[in-house]
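Paired with subunit B in one complex and with subunit C in the other, subunit A is shared by the two complexes that follow.
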Partner chain A sequence: MNEAAPQGGEPAAPRRTGARDPQLSSWFESTARQRLAGLLDGGSFSEILGPEQRELSPHLRQFGLPPAFDDGMIVGRGRLAGRTVLVAAQEGRFLGGAVGEVHGAKLVGLLRAVRSMAADARALLILFDTGGVRLQEANAGEVAIAEIMHAMLQARAAGATILGLIGGRAGCFGGGGLIAACCSGLIVSEQGRIGVTGPEVIESNQGVEEFDAADRALVWRTVGGKHRRLIGGADAFAEDHAESFRSAAIALLERPCRFDLEVTVAEHARLRERLARLGDADDAWAIWARLGVADPTRVPDMPAPEFLELVARLQDERRDAR
Partner chain B sequence: METLSFRHTAAHALAGARAHALVGVVGSGNLEALFERVLDGNACVVEVVTAVAGYGAVWSEVIADFVQRYSPGGLRICIHDGGARPDTVALRLAQGVSLMADDHE
Partner chain C sequence: MTPAEILDSLFGRSHRVESGAGGLLHGEGLLAHAAGPATRVSLIGLTQGAALGVDGALALAQRVLSVVQAGERNPILVLIDSGSQRMSRRDELLGLNEYLGHLAKTLMLAEQLGHPTIGLLYGGSAAGAFIATALATRVLVALPEARPAVMDLPSMSRITKLSLELLRDMASSTPVFAPGLANMELMGAVTERWDPGRPLDAQLRRLLDRFAERSQERRDQRAAARGGRLKAAAIAERVEREALRDG
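Then we have the complex of A and B:
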């Protein structure tokens, strides 16, 4: 172990290779557009409502904030290993990827459009990078989250596969966490964080004894990608580059994906059982130990290949999360 | 927030076939710039919406220098600025011109 590495393990530093190849540069450090370029088949992305269409937020100017030409949400279509997919990518650097009126409406429109694809080929990928609803347009943002979830469930009922990819710098929180929970499957990297209430909000509401948001190792082992993968909150683990997200997405798209009453009832039973078994654990380490991890404190420092072997060994602990 | 507009006549029209290009992101210390080949001849217009008011003179200098260096005739450039430093602005403008000068659409 590197002497300089923080004790207890923050996630490995994002790759800073400076590589020109969009498939190999760090997903965490990339912009939403760079992620799309690395994820999809080369040159296959075509944008819907691109920046030159100027669908700007009607609200931000009132707060003295410059808008973004794409409102932090890039939507379009492309190909993944030859298969046509719809894609939506949030730009985490613009207002923390927060969901406003236009941002949300673009995703709702895309989710409705997936139902007009051929019945056996309905696929949509959401590249999450968001802290949740945009405070400057809170009501419109909250409504957008509800509309997105409604459109997602309609699309899934129509047979669509909706995959969420999480590994951006803003993580996936607030309404973003709710949307992620409505996906058919999630792919997460070690740097990816998934939750509803973020660490800082928990600390300010419940006190530092409940949750110390400054303790980065605690934050990552509670909401980070490895924990989500181990407890069945995410379906695949990717390394911090587009090539790894890409191969995980191709594999998950091949998996049959049902969405009906039987699946939902089974999922609720699984969550109830998980809560009964793990609900009194006071730290992720205790949860990992109960899941059968021999040395839980090693998990944060574990290199990806070793972590993937561990996940494979614990296979029956992570039955299909949805 | 402040809105600024600069109009220049470049030495010549910018070569290339691309109709538009976007560079950068509106974030702290960063900016996005949308380049569009929509003006006649050698005209170049730069419109700036910036979160930080009071730096019109600096913007004017940076953009005049950019027009002189790259001769971006025919381009309308719209900037949303999150408080980028002048060197970052100059780099983004150069990055956009290099994309627009591409022969591929």
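Then we have the complex of A and C:
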């Protein structure tokens, strides 16, 4: 028995990076640029305002932190199965992918562009990997998140499809979770975590009785990808490599979801029903049982194909309104 | 000012408001004009410093949707004196990000369908609750006692491992991270500050008269003009232009 082996309820260890095929190396372990390379058609990515432009954060130096030439946000254009798409990828290895002034503004600009593109090219993919607002420039990051949400919903009202891909090391927390909720479709892997307040922050604010952040199995089943997919917090489930995210994204692009009154009313019904049905459950196991999972304790260890079958059996299309 | 004082100053006796659990409030007021019919203003609120969880966000979203479905395209005023998002395991388990996002979306939908949406920040507000309410409106106004924040300095000190003393020092020279109304004004988040010494109804009428013009302003352009975010607007413009160049 290996002491470092994952305990029950924790996702399988991500595959090691360095595999020669970028489509098959672990999404969780990859850098933002590796993810883009594996996701898009080979060699099709072209970056906008790349690191050579040296648009650094103007704020980090006063905190004694080294800035990054891309500020942890890579934006550009590429092709996905031949179709032109805009892409934005957060680099979770740089300050936890946190949103600062420049980082946020790059995504705002891209979202404003997608709104006025030709109808057949109105698609944007966001590869999330973020803990939320960057505290060293908290006010700028907070307002940037609001600007991103406004720009997303204007673009979606104009017919753009915006997909979120979540499976990175930093997960998708804080304002990142709210941005994700504004996407027209979300793809999550088992390793992907989605939330607002991270477990560590809940524990430090409310005590270990409220949330034991050291209990990894509890963390994964509360905010992890399988739970999010089961309750309808994500529309598709991917395995931990680019090829799987890629095929899920190609499929979801075929299902446009315009932002309007009808879809907002449908989302409201979906969220109200979730609260009525699951609002008094005290653990993900209880929630999964109510959703009809025969043996909830098996879900964390369930291989992807079996999990996908389970999801298909339990869910109806209405859950997807967002 | 208290919510009651604010409502009296805005609408005189012509308002009715119900308060619910968790600091929630909803109702409507009639804004009088010198000539012509009064403007019906729909009200929602998150008050008493309450934290915003899944239940509160859904209830407020329901109110906004009802106003939108009534089809009057009248102004929606959001009164805010809140805490942050509710920090609990239950809220996260149920998908708090979707509930907060949904509330923000109902306000943005209302705006897209022609409702002037106005936030009135008269107390605190922080983090996810601030984004889902105040920052989800088109125009945010504030009273001088407003206390917007992302995070308080002691918590920030814990997380950034910088001493509280150093953070206080830095806070006096840069608006970019420290809590406070003046800093959020510089960021472009707050459009204008209202004067509690003068009747609020006149200030609201003036805002509504110029609403079309006010709502054209982008937050990042305002921030550039005020000197709070010097790079954001220019970066966004460059990315937008280059993305459209050969796309």
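Operating definition for what follows: the second predicted complex is superposed on the first by the 308 of 322 C-alpha atoms of A that agree within 3 Å, B and C clash if a C-alpha of one lies under 4 Å from a C-alpha of the other, contacts with A are read in each partner's own complex, and residues count from 1 in each chain.
As a convention for this text, a residue touches a chain if its C-beta (ideal position, glycine included) is under 8 Å from a C-beta of that chain, and two chains touch if they have at least 3 such contacts.
Bear in mind that the values here come from a model prediction, so they are computed numbers and not experimental data.
*Asks:* For the combined arrangement obtained by superposing on subunit A, do subunit B and subunit C clash, or do they fit?
*Replies:* Once both complexes are aligned on subunit A, subunit B and subunit C fit side by side.
*Asks:* Name the contact category of A:D215: first (subunit B only), second (subunit C only), both, or neither.
*Replies:* A:D215 sits against neither subunit B nor subunit C.
*Asks:* Tell me which partner A:E243 touches in the superposition: subunit B (first), subunit C (second), both or neither.
*Replies:* Neither subunit B nor subunit C is touched by A:E243.
*Asks:* Does the superposition put A:R93 against subunit B (first), subunit C (second), both, or neither?
*Replies:* After superposing on A, A:R93 lies in contact with subunit B but is clear of subunit C.
*Asks:* Quick check on the superposed pair: does A:F259 touch subunit B, subunit C, both, or neither? Answer first, second, both or neither.
*Replies:* Only subunit C; A:F259 stays clear of subunit B.
*Asks:* Which partner chains sit in contact with A:T31 here, subunit B, subunit C, both or neither? Use first/second/both/neither.
*Replies:* First partner only, subunit B.
*Asks:* When both complexes are superposed, which of subunit B and subunit C contacts more residues belonging to subunit A?
*Replies:* C
*Asks:* Just to be sure I read the superposition right, which of the two partners does A:E52 touch: subunit B = first, subunit C = second, or both, or neither?
*Replies:* First partner only.
*Asks:* Contact-wise, after the overlay, does A:P66 reach subunit B, subunit C, both or neither (first, second, both, neither)?
*Replies:* Only subunit B is touched by A:P66; subunit C is not.
*Asks:* Just to confirm the value: shortest Cα separation between subunit B and subunit C in the superposed three-chain model, in whole Å.
*Replies:* 14
*Asks:* Would you tell me which residues of subunit B are touching subunit A in their complex?
*Replies:* Per the stated touch rule, the residues are 1, 19-20, 22, 25-27, 30, 32, 34, 36, 49-51, 78, 80-82.
*Asks:* Contact residues on subunit C for subunit A in the complex?
*Replies:* 54-55, 58, 61-62, 65, 68-69, 85, 87-102, 104-106, 108-109, 112-113, 127-128, 130-132, 135-136, 150-151, 156, 158-160, 162, 170, 174-178, 183-184, 187-189, 218-220, 223, 228-233, 235-244, 247
*Asks:* Inside the complex, what are the residues of subunit A that reach subunit C?
*Replies:* My answer: residues 48-49, 55, 58-59, 62-63, 75, 77, 84, 86, 101-102, 104-106, 108-110, 112-114, 116-118, 121, 133, 135-147, 149-150, 153-154, 157, 174-175, 177-182, 194-197, 199, 201-202, 204-206, 210-211, 222-223, 227-228, 231, 233, 259-261, 264-265, 267-268, 271-272, 274-275, 278-279, 281-284, 287, 322.
*Asks:* Spell out the part of subunit A that touches subunit B in their complex, as residue ranges.
*Replies:* 31, 33, 50-52, 61, 64-70, 91, 93-94
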